[in-house]
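Chain nomenclature is as follows: A, B, C and D, assigned in order of appearance, with residue numbering initiated at 1 for each chain independently.
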Amino acid sequence: MDKTLPDLATAVAGISDGMTVMIGGFGGSGAPIELIHALIDRFIATGHPCELTVVNNNAGNGHVGLAALIEAGMVKKLICSFPRSADPVVFTEAYLAGKITLELVPQGTLAERIRAGGAGIPAFYTPTSYGTDLAKGKPVEVFDGRPYVQERWLKADFAIVKAHLGDRLGNLTYRMAARNFNPLMCMAAATTIVQVSKIVEPGEIDPESVITPGIFVQGVVQVENPAQEEVLNRAKAVYPEVSA
Amino acid sequence: MTAKLSPTQMAWRAAQDIDDGAYVNLGIGFPEMVAKFQPPGREAIFHTENGILGFGEAPAPGTEDWDLINAGKKAVTLKPGTAFFHHADSFAMVRGGHLDVAILGAYEVAENGDLANWSTGPKGVPAVGGAMDLVHGAKRVAVITDHVTKDGKPKLLKACSLPLTGVGCVTRVYSSLAVIDIEGGRFVLREKMPSLSVEDLQAMTGAELHITAPVADLIVPEL
Amino acid sequence: MTAKLSPTQMAWRAAQDIDDGAYVNLGIGFPEMVAKFQPPGREAIFHTENGILGFGEAPAPGTEDWDLINAGKKAVTLKPGTAFFHHADSFAMVRGGHLDVAILGAYEVAENGDLANWSTGPKGVPAVGGAMDLVHGAKRVAVITDHVTKDGKPKLLKACSLPLTGVGCVTRVYSSLAVIDIEGGRFVLREKMPSLSVEDLQAMTGAELHITAPVADLIVPEL
Amino acid sequence: MDKTLPDLATAVAGISDGMTVMIGGFGGSGAPIELIHALIDRFIATGHPCELTVVNNNAGNGHVGLAALIEAGMVKKLICSFPRSADPVVFTEAYLAGKITLELVPQGTLAERIRAGGAGIPAFYTPTSYGTDLAKGKPVEVFDGRPYVQERWLKADFAIVKAHLGDRLGNLTYRMAARNFNPLMCMAAATTIVQVSKIVEPGEIDPESVITPGIFVQGVVQVENPAQEEVLNRAKAVYPEVSA
């Protein structure tokens, strides 16, 4: 069994128009910048994929990564908890112009909906959002005298995810708070593609320290020294680079 | 007495249908033997409910580590790439549809795919373990079972008489006499022991056997 | 102009109520400053929604690791005993009632404990983050807020006019003028700026202030 | 902050009559034998605690650990998935004599109910047990055309748990498949007491490899070279030892 992929273009080749794509990361930490940019490259070359529904905690920052994906016009709907950032201009303009739809989900509910999608739990109850606008239209049930909102699982056709180490079986570790939504999205997508800083031999990751077991991963591509969104944004990077 | 496959031979036959790289959960008992018979060049990855993916064979007696056991509480070994996880993550793998195959034992299987394998009725101590989760999680749920009970009564039935493990979940039965698919609420005969006529097999089966394509001989090596 | 506490001073006051060993989540913005003012001999353990427990202060500029950030996307540092975990485990800590205190900002707080802090209405881009989870998870939910808006209008009200973050969730308000508990659907005044009469404070508050015990002076160091 | 406890007797001192107690382990692996035996010692000395409701995957094996707890007459109800073992005589006799009540729960549902208890999810839906006797009386709801059973969270007053390394903040690692239900039970109990093979300094456990963060733990007691139920049973051990 060998889940390693030769390059980024191959890694994102299976994503088609209209798909739901989960993109890992919390702000820039754990964001698979190189996979996102490979997807943009494909769109520029072929016009596809477009009309994507993207699931991410945020809505991009500056003009790289998820913001660049939105700026390229590839995203029709965003499911997220916090569409604000240091420089949210791309999403904000697209949203206010009606070019992109937003499903706002409380952050813990977003995480739990994704985990539920991966764990075969079609719905669950949470106290979160009870009595608020974000619970409108959702079933409410009282347990032990307290009201709870019913939430549905969230699944995706694809997940593109950033990890630290990975082996050919798909076992993964993450780096510090770059873990965030990534392990959950691995579980919830029909196909999960992961960029790792280093591909290692099976057994090099201590079996006690595997965070995502390989069963949740379909492809692994090595990206050494991955870009950090925060660093790119401080350098005012734009993707794709505009030639002079 | 009719020639029939031993449990080991049924396990061998079931193993032939497991693809290279498949994620597989094998039930306690006969199904566990399937792991021994992977065809050359294929390597499945085995999952056990108690939190191991990619474990290896049994250790030599006397070298067991009792923290490294499978769902049947038998000692296993590590392989490169093994991963440990807790029970909720383990059943996320099961319930979430991430396993390719689960192979279980059976008391009874109905032609609509209902399975009864956890309770023989209200007397004694009931015990279910992970069976009810496995039957609703794996992409393919297969059963290894003697074709008939010790008393010679059919185990493949129009409807189960014992308490159900799951509804409409089984898609293939590896019996001691035949390989039978469950399709559209019917038993479809795929393979049978060469020494047995379809009529004889039907007589030992509690629901109609449908034939939609030539029935192959069920040929298994001596083991 | 009335003497009032600065955000830093409100954070200092809130910090005095945090016990040694408490698990605490501090909202983005003013509440983050609470961590700086732990009284001597007490050490709380800070949780951030994005998957760190027990992180340390901000690193020196230029030494940031952008994989080691808090929920406000600001760089933090490791301490001995820090733990990392994914977002579902992080919100299990929140929703499951494992945090002792969550301290949030507020647009409005109602006398029944309702909180509005995520949306100023239908225009613009709405963003909620983890606030709705935090208000229903922590054992104690407190708010740090100016007592009145920039226009001088009360932020402590009979009922919130803005979209709610949570229903009946806040139990203590650290305002720029007072410390007020919410008990039995009422604002109960505990401390107020010494220069301010109860009548003046009431005039800047949108619901009745109840007094059930002597009101202490709200005394905070210059910071 | 120091969650370490001086001895086993102190560790189990808070467990009272009638409490619900989660006990970690899958069969013998991960079973906190020494904590269980300390609880039995207390019962023999004081007559308390008794009338316990115990949550465990199994029902004990032989005459040590959970089996000994049942044999001592301390357990009125057991919530478990598989009350069978190599030597299940203690539970079997108590059950058939009507001295103990059994709530049988499918293993994955048991795990998820415990996680839900720890995660503040009062109820969830699962396909598991639909159409079976174990779903009787439970609400059923159809999502996307498929029927699911509603299951409730499971919480406990106490959890007694076995881990491998622990620090004074309560951070834990486990040993191989001895992890099983232990991390979930840490989450779901009001008070979680853990026996660890070794107490280490904060920071000695890699923050990437902490399995149970300290927030879920209230007490840690060191038990070097803990007993393995399987080894005790092969030696035909009985607890408490019967003097000759």
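By definition in this document, contacts are C-beta pairs under 8 Å (C-beta built on N, C-alpha and C of every residue); 3 or more make two chains touch, one makes a residue touch a chain.
Keep in mind the model is a prediction, meaning the values are calculated, not measured.
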_I want to compare two interfaces, C-D and B-D. Which one has more contacting C-beta pairs?_
B-D
*Round to the nearest whole Å and give the separation of the Cα centres of subunit A and subunit D.*
36
*Please report how many Å separate the Cα centroid of subunit B from that of subunit C, as a whole number.*
56
*Just give me the whole-number Å value for how far the CA centre of subunit B lies from that of subunit D.*
30
*Mind pulling the residue numbers of subunit A that touch at least two other chains?*
112, 115, 119-121, 126-127, 174-176, 207-208, 211
*Residues of subunit C whose C-beta touches two or more other chains*: 84-85, 88, 91, 94-95, 136-137
*Among line, ring, star, complete and other, which best matches the way these chains touch?*
other
_In contact (per the touch rule at the top): chain pairs_ = A-B, A-C, A-D, B-D, C-D
*Give every residue of subunit D touching subunit C within the complex, in rising order.*
1, 115, 117-121, 167, 169, 171, 187, 201-203, 207-208, 210, 213-216
*In the complex formed with subunit D, which residues of subunit B make contact?*
48-52, 64-69, 73, 84-88, 90-91, 94-95, 114, 119, 125-133, 136-137, 163-167
*Quick one: which bits of subunit A touch subunit C in the complex? Just the residue numbers, please.*
26-30, 57, 81-86, 88, 91-92, 95-96, 102, 104-112, 114-115, 126-134, 174-184, 211, 228-231
_Give the list of subunit B residues in touch with subunit A in this complex._
20-21, 23, 43, 45, 47, 53-54, 78-85, 88-89, 91-99, 136-137
*subunit A to subunit D touching residues, read off their complex*: 112, 116, 119-127, 141, 143-144, 146, 148, 152, 173-176, 206-209, 211
